[in-house]
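Below you'll find the structure, written out as structure tokens, and then a few comments.
In order of appearance the chains are A, B and C, and numbering begins at 1 in each one.
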Amino acid sequence: MSLLDGWWDDFFFGLLTVLQVFCIALVIAVVCGLLGASAKLSNSRLLRGIAQAYTIVFRGAPELLVLLLFYFGMAITLTWFVQVFDPSVKFIDLPPFWAGSIAIGLIVGAYMTETFRGAFLGVDRGQVEAARALSLKRHQIFRYVRFPQMWRLALPNFGNHMLSIMKDTALVSIIGLEEILFVAKMANSIIHRPFLLYMTVALIYLAVTTVITSVVAWLELRANRHLRGAR
Amino acid sequence: MNFDVSLIATSLPKILHGLGLTLNLLVVSTLIGLVLAVGILLMRLSKRAWLVWPAKAYIYFFRGTPLLVQLFVIYHGLPQFGFIRHSILWPILREPYWCSVIALSLNTAAYVSEILRGGVLGVDKGFVEAGKALGLSKFQRASRITAPLAVRLALPAYGNEIVSMLKSTALASTVTLMEMTGVARTIVADTFAPYEIFIAATIIYLVLVWIIQTGFSMIETYANRHARRT
Amino acid sequence: MTDIIVLEKMNKFYGTYHALKDVDLTIAKGEKVVVCGPSGSGKSTMIRCINRLEEHNSGRILVGGEELTDDEKKIDLVRREVGMVFQSFNLFPHMTVLENLTLAPRLVRRMPTPEAEAIAMKYLNRVRIPDQAHKYPSQLSGGQQQRVAIARALCMNPEVMLFDEPTSALDPEMISEVLDVMTDLAREGMTMVCVTHEMGFARSVADRIVFMDRGEIVEVSTPAEFFAAPKSERARTFLGQILAH
């Protein structure tokens, strides 16, 4: 393991990069998920159609493909766009960090759409009816009755989506992002210990996913605390 | 920027050259993975701690790390060891194809064993008790009552896992395999037309996903024919 | 009369909770015993110990002279001779009625299929639903499903039939069809142990009524004695509550 001395710094910064991608992708995914779910639940056929197309495409296409499409596609689009204003520019690309974060966010956002939609529909109708009978307004019903219960229903799947985002970040190394897998590749060309390096990457990911799983488990306990023990 | 719609159409057949390998990877890994998954499930459900522990550790590792990293450990990492390079397995382990199959199989086995476990846990205890009360042996209860019901419960999740596997085959392109994504990447490198080519590839994948989902829908309907929809 | 079931100083704990306390009971061949009492009294637990769906912690249980222990073979032998009908029927949902009935005879008694099917049809006739043989449980009403469950248990030709609140999960209009079948069974001489709240059935069919409360057998009497003048305070309270409506 002393072989890795000198590389720990790079791994550390690679990990920070991974965590940053994770956070940005997570925010994008949640936003897309909420928008998608409300579109799917809306009365507008157009919105439902768009949301349906979104979930079908982004859940059906391989993550790597979406990532490559987004990265190279955006490069072409941006280059063309900037060349309109400044023809001397040869090539501009969206930095891998952003391309990766946005692409992953869009992909997992499609899964979150389904999760949020399912959670919304899963709230006991009887409770909503009771709230209406008590003459609560729609937004009040959402805030006090629907949302707290949706959260509980969505939590397990939400946890899985977070794990997906985490693991998908490894793919961004393919388009050149200098995160831990990329660091391992570089280090390998110098110290030639691929198994050691890649297992280290695996274990770092394992550590992070373990943390996420524990946090989600704790959140689930909290969310379900008033459901236990009614005899 | 010119977006050439016809390029989408003309690239489709070229990308389809990779379809054979994509399906090959999918089918072989699914089958091997399923066999492994049943083994791991039995270990996981066993009463003997020395069987449960390795199964749990296996599942923990393969579900907690990215498939891409697992692939790299196997393809790039194993050659680090002399004893592997000189073993009789070397002709297999140096091949990107077999490394991809191994990585995909090991990975899916972890997920499928948990899916099957979910099915087993979902079987109503009452049915098993009725089996006990009738005098059926443990093996008879497991094979005639638990297993058939568990499989039915697991079908939807298993269908999703197969779709997931299909998408995972794309990662084989990172270790030089020319399945569909690999072919697409090569074409893009030549033509500098990422949108058209990758969209074409996406269309093919979406069609395959649709086929898998429809197939599973039919299987699920058939398997649940005993349950009336009230 | 031979004693077919003997419970001797039986105790059962769930962790620290003492579910059954020093239960002593003998049931003779051909006897019909109704077990009643408030919920949580241990009635279901007691009969589930008889076919080892629950394990007793101390004391002895003898079925047909064989003592129930951890010995798997003994347990299997006992289960062949003891039939059980559950509150939630527990018919195998993925098998037809006929398949439900023939499964155990074929697998456990190794009966050839035609013979098993003949026996199955005989019992389906007994419970008056021969025409449902090829339906799936989900296609039958609750009362029909429970009658199938009774037939399924009978197909193994048991010495004793245990009933764990067989009508509690049924809609009121279906209770009598099941009780009728149970009454017929009683008249034909089957040894029966029934946990039930159906006091009318108890009064007309039972040879003895066992009243349980909080894990103990409080009172054992004939129906006449029990309903007219219960000996214990707790039994009086229970009857007051249950017969009030």
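Just so we're on the same page, a contact is a pair of C-beta atoms (placed from the backbone, for glycine too) under 8 Å apart; a residue touches a chain by one contact, two chains touch by 3 or more.
In this text the structure is predicted, and so the values were computed from the model without any measurement.
Colleague: In graph terms, with chains as vertices and touches as edges, which category applies: line, ring, star, complete, or other?
Modeller: Shape = line; chains linked end to end, path left open.
Colleague: Tell me, please, which chain's centre (mean of its C-alpha atoms) is farthest from the centre of chain A?
Modeller: The most remote chain is C.
Colleague: By the contact definition above, name the pair with the higher C-beta contact count: A-B or B-C.
Modeller: Looking at A-B and B-C side by side, A-B shows more C-beta contacts.
Colleague: Taking each chain's centre as the mean position of its Cα atoms, how many Å separate chain A from chain C?
Modeller: 54
Colleague: I'd like the Å distance between the centres of chain A and chain B, where a centre is the mean of that chain's Cα atoms.
Modeller: 21
Colleague: Would you kindly tell me how far, in whole Å, the mean C-alpha position of chain C lies from that of chain B?
Modeller: Inter-chain centre distance comes to 47 Å.
Colleague: So which bits of chain C are touching at least two other chains?
Modeller: In chain C, nothing touches at least two other chains.
Colleague: Can you list the residues of chain B that touch 2 or more other chains?
Modeller: Residues of chain B never touch two or more of the other chains.
Colleague: Which residues of chain B touch chain A in the complex?
Modeller: The contact residues of chain B facing chain A are 1, 60-61, 63-70, 72-73, 76-81, 163, 166-171, 173-174, 181, 184-185, 188, 192, 194-195, 198-199, 201-202, 205-206, 209-210.
Colleague: Within their complex, state which residues of chain B touch chain C.
Modeller: Touching chain C: residues 124, 126-127, 129-137, 140, 144-145, 148-149, 152, 226-228 of chain B.
Colleague: Which residues of chain A touch chain B once you look at their complex with the stated criterion?
Modeller: 56-57, 60-66, 68-69, 72-73, 75-77, 80, 163, 167-171, 173-174, 181, 184, 188, 192-199, 201-202, 205-206, 209-210, 213
Colleague: So in the complex, the part of chain C that touches chain B is made up of which residues?
Modeller: It comes out as residues 51-53, 76, 79-80, 82-84, 86, 88, 90-96, 103-104, 107-108, 136-139, 149, 152-153, 156.
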